[in-house]
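Chain lettering (A, B, C and D) follows the sequence in which the chains are written, and residue indices restart at 1 in each chain.
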Amino acid sequence: MKIKVGIIGGSGYTGIELLRIIHQHPNAEVHAITSRALEGRKISEVFPNMHGISELTYLLPDDNRLFECDIVFFATPHGVAMNNAALFLEKNIKVVDLGADFRITNATTWSDWYKMEHTQESLLKEAVYGQPEMKRDAIKDARLVANPGCYPTAVLLALKPLLQNNLIDTSNIIADCKSGTSGAGRIANQATLFCEITESFKPYGVSGHRHFPEIKQEIESMTESPVGLTFTPHLLPMSRGIEATIYVDLIDSDIDILACFENAYENEEFVKILPEGVYPETRSVKSSNYCQISVQYVEHSNKLVIMSVIDNLGKGAAGQAIQNMNLMFGLNEQEGLKQIGLLP
Amino acid sequence: MKIKVGIIGGSGYTGIELLRIIHQHPNAEVHAITSRALEGRKISEVFPNMHGISELTYLLPDDNRLFECDIVFFATPHGVAMNNAALFLEKNIKVVDLGADFRITNATTWSDWYKMEHTQESLLKEAVYGQPEMKRDAIKDARLVANPGCYPTAVLLALKPLLQNNLIDTSNIIADCKSGTSGAGRIANQATLFCEITESFKPYGVSGHRHFPEIKQEIESMTESPVGLTFTPHLLPMSRGIEATIYVDLIDSDIDILACFENAYENEEFVKILPEGVYPETRSVKSSNYCQISVQYVEHSNKLVIMSVIDNLGKGAAGQAIQNMNLMFGLNEQEGLKQIGLLP
Amino acid sequence: MKIKVGIIGGSGYTGIELLRIIHQHPNAEVHAITSRALEGRKISEVFPNMHGISELTYLLPDDNRLFECDIVFFATPHGVAMNNAALFLEKNIKVVDLGADFRITNATTWSDWYKMEHTQESLLKEAVYGQPEMKRDAIKDARLVANPGCYPTAVLLALKPLLQNNLIDTSNIIADCKSGTSGAGRIANQATLFCEITESFKPYGVSGHRHFPEIKQEIESMTESPVGLTFTPHLLPMSRGIEATIYVDLIDSDIDILACFENAYENEEFVKILPEGVYPETRSVKSSNYCQISVQYVEHSNKLVIMSVIDNLGKGAAGQAIQNMNLMFGLNEQEGLKQIGLLP
Amino acid sequence: MKIKVGIIGGSGYTGIELLRIIHQHPNAEVHAITSRALEGRKISEVFPNMHGISELTYLLPDDNRLFECDIVFFATPHGVAMNNAALFLEKNIKVVDLGADFRITNATTWSDWYKMEHTQESLLKEAVYGQPEMKRDAIKDARLVANPGCYPTAVLLALKPLLQNNLIDTSNIIADCKSGTSGAGRIANQATLFCEITESFKPYGVSGHRHFPEIKQEIESMTESPVGLTFTPHLLPMSRGIEATIYVDLIDSDIDILACFENAYENEEFVKILPEGVYPETRSVKSSNYCQISVQYVEHSNKLVIMSVIDNLGKGAAGQAIQNMNLMFGLNEQEGLKQIGLLP
């Protein structure tokens, strides 16, 4: 019997990526997909890659079919999962929120950054931050998983071996991050029109971005030292992919950092440490659930530079959500996720 | 037991696409990959999406391991398969040539277009043109398959229902085709540098392109009438995808053309006929083995326009090659090929 | 004294292209720019390339400053110029409409395609179709110029030498055209988001596009024979540029077509005929007012193929509008327009 | 009388950009252009935007016509200008080297980074670093100008107001830089093929890039304090544009940094300081000689972030070279350079 999956808010890029991955998953199938705006329309009208592939039709979010599912994924603006997760949990339906509603454990911090009161503090306590390489065991037992943000995924995987081994001065961490435009969603918006994005590059959210408190919280969970973090996102003229270039100061520059990273991830299928002198490219992980990481100590600058790439829709969203689902249902964590990056 | 696959000339985009598809194929595995220039190098040094995925190393083309395979794919410049296919066939190793050596049945025509003598006329007679939707039965029994060109695949699938039902004037067929740049290969070349291609579009090969005689030959195989064909390729500022816009004159404009196409392909998984008024986009089939086709009778012009899209590396090359392999080995034709187009 | 220019509806890509060209024009300056939605905002807030360059601020369309101009350009949706042109003409202010309101001389045909009644038939009679290479003298004397559509400009320049010399069968003209996405405008729209356009290509408007009657009308103005035209637009994953590939049958295939084109345009600065065997690329005319044309007789198909490229915002819109302005004010036609295409 | 310009090594992207700018320059004309490989070919065969625009033909580098010039630009690989500059200087022909031969004042440092002995130490002493906003007066009197690298131009303009006013801790400067692919040149190269670059992003040269010693040298020229610099270049999937995001620690966070930048550049036409909260986009300066800079103090991180954009072929190469030429010949520094960035 396949796991029955519900997708709430399935009109965007995360929605189609969930559909695409689940289509290839041997143990899961989409049982219901909802969109208030698209109710009654076939998904192939909305996603033309689905012509002749699926006869699914968008339902209203309160459709009963959603409550027949074993798990629901929220791919919705913040606030929606917060207000609706309990409806499913109380029916023993597991919940993964691909939005931000349960990522920040401190409700006040959440409210400051998301400009909305958090009404579900008890769920906030229960929710598990769904980064399998950091919290695998807790995820296995979770009913409610907060799927991490895309930038936090790239940054935290790059920092974890350093933090857990106390190798860096945590007071001066700089994460210069770049994202493909699919991270901005599929809503009509002048700022993300083709002609506004192509052949251009820019920073944004420099004075403050919502992934900042999320990254900081998770760094702090891995260290006792005070954390000073600077995080700058930039927008790339491409669809998919995030690259994080992270600058830190080593406490002891004699450590074999590459070996430390290789050890930290030797049993992790989805995190690949690159050989010395090889730097990651976002295309290497496009359409996949992989993360590639490279470390470079720069002698003339006396800095350690860590570079990390993921597909923001894959390991940064839908792929990681399916990885979490696999864990929550006791499946092989890699099921349905072993596609290689699409090159070219 | 998995089918042992050999890839000869595996350094280009067709090579990595074969690797990617076979990685997900339940019944096949790459046993040997060759490249004279890359001998001894790991494939992950050449294709960075393979880091930590495969330990394959490039062999020389005469390595014995190649002769342990059940099937070899030639992904080589023309001339190579012609001169080497027999070595494998005589050892009962099946051969699929993704190049052009066995596509043109007339050796003289081949020589005229490829500027090289054809030395293997008997193999030319034996070879089956590997378009499963046209020649499925012959492919099942073939030892040697000539995998079709990318443009011919897109054009022929679009014309087949019309030709087989004698619905058009075959003396005036115009195929205006556009291809992504991956069709030009991975060899260092000023003309296909990023800065030469991006934000630009151009026709090329207007006075004559090698896919012209191939398309014409296959059209002629489906009709008794004299064939007049104009074929113009263009280069798109994108990696993957071919679109063919084909202009024909209907003999009888009262025919229900859409129904004719739907009937022709109702049992074909990989060819999808779009609803009336919906036109195909190359992205819908990106990374997949699907073809999407749309037909539009234009009243004020009295023309039938047929539009067809494929991924030139998928259905136009490696995908179709695997589809042929599946048929040649009696497997389910769709095995390993049901990935949906990557969107976005 | 510089010509005082007004731009009505200056919030889109045509608006910024007018601003950019006029900034370099020795004899003109923008005196007023309007946008109902952007009233009071600085143009540098809307077009970030203008920071520190201009202190212009958007006015309301009824601002008096507009009536101090010598000429106004309408860069507005259809209907606006139709209803407002007279206000300027009666004050002896010349008008160039970059929209479609005065392009179609038959009011009924216009209404059929634009779904709106034409209320200004007398202005329609007066308006001159602003294609300088076809109607230079009439433009010099015009008060009201209908600036041609982008596709019509590319197609008509490619056909004019053939039509004026009666060299082709006009009953079977096929124009397969491809446009960059800037032609779709700057309004927020899901269909033209970066992630919807990049790495994809598609036909659109196949059953009928508003530039069809415009092209047909102007072809008919150059020939006595009945005209059969098929016009198919496609959308390119790039910002600027139109390519038209046109298929026609020669009446007499012995004519030296290249010489015919060279003669036709030998005194035209902005139309360049390419040497035999050289095909045009859209990038060659990017950001410029040039058109490049190539002709190729295809022997094995017995067709003449004409290929033409322009920048849809340059010669296809703002550049041609300035060329018209130059003519209307008795300036050197090339003034401010001799920038070379931006490569790369 | 126009300045007679010679371009040595005019086959690449810097060459065509020089041609394009000089074409619009009222006081200069290209008198000779050389390329050993392209001798005898018309420039329009090499740069298709030049069809019908110029009849220039490539000469050999020792052609006499070169010695009739008033100034020569070297757009050559390193080593060429070093060995040939003296030939021109002794004939009173001014020299601007767009390569790296005279940028590093210490010959040993140059040799370490460029893997070649420096044979012209006296010229090295004479050469002026051609950054007009930093060394205008020296450039006016120079015979030999070392045109700055593209990354150094973006970084140094962003740091100058801070360094000259001693506002930052110079021991911890991080410059995370991103460049369009035209910076990699026009030589055939697998790594910069369209399909390798599009839809991807990557760091490169992380352990050491030749622009590092150049940036460090010029920073040190503006401060007494010890300089600790980390510089990481990345490659963008676009043609033109560099963005530098620079992280520094303020000595006194109460300073009005924006005012400091505005004052520093209030008389500089080509450097625009953006309003608070507006961040630069590379497209804003595409095809232009402008630089746009933004400063943002990030409170929760206690860092100052400075962001700077230029066109790597404009202000980062050919534009700045022409600006230097204008200064060297006593012309208005802005002559021929006031084009606005091309948007879209």
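Quick note on the criterion: a residue touches a chain if its C-beta (ideal position, glycine included) is under 8 Å from a C-beta of that chain, and two chains touch if they have at least 3 such contacts.
This structure is a prediction, so every number in the text was calculated from the model and none was measured.
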## Note on the structure
The chain whose C-alpha centroid lies farthest from that of subunit D is chain B
#### Entry: B-C or A-C, whichever has more C-beta pairs in contact
B-C
## Note on the structure
Per the C-alpha centroid definition, the whole-Å distance linking subunit C and subunit D comes out as 36
### Geometric centre distance via CA averages, subunit C-subunit A, whole Å
45
#### Entry: CA centroid of subunit B to CA centroid of subunit C, Å
39
### Task
Give me the residues of subunit B that touch two or more other chains.
13, 182, 195-196, 198-199, 237-240, 280-281, 283, 286, 344
### Task
Please give the residue numbers of subunit B that touch subunit C in the complex, ascending.
172, 174, 176, 178, 180, 195-196, 198-204, 206-208, 212, 228-232, 234, 236-241, 243, 245, 247, 277, 279-283, 286, 296, 298-303, 305, 307, 309, 344
### Task
Could you pull out which subunit A residues touch subunit C in their complex?
13, 181-182, 186-190, 192-199, 237-239
### Message
So in the complex, the part of subunit C that touches subunit D is made up of which residues?
### Response
13, 16, 19-20, 23-24, 47-53, 182, 198-199, 239-240, 272-274, 278, 280-281, 283-288, 292, 338-344
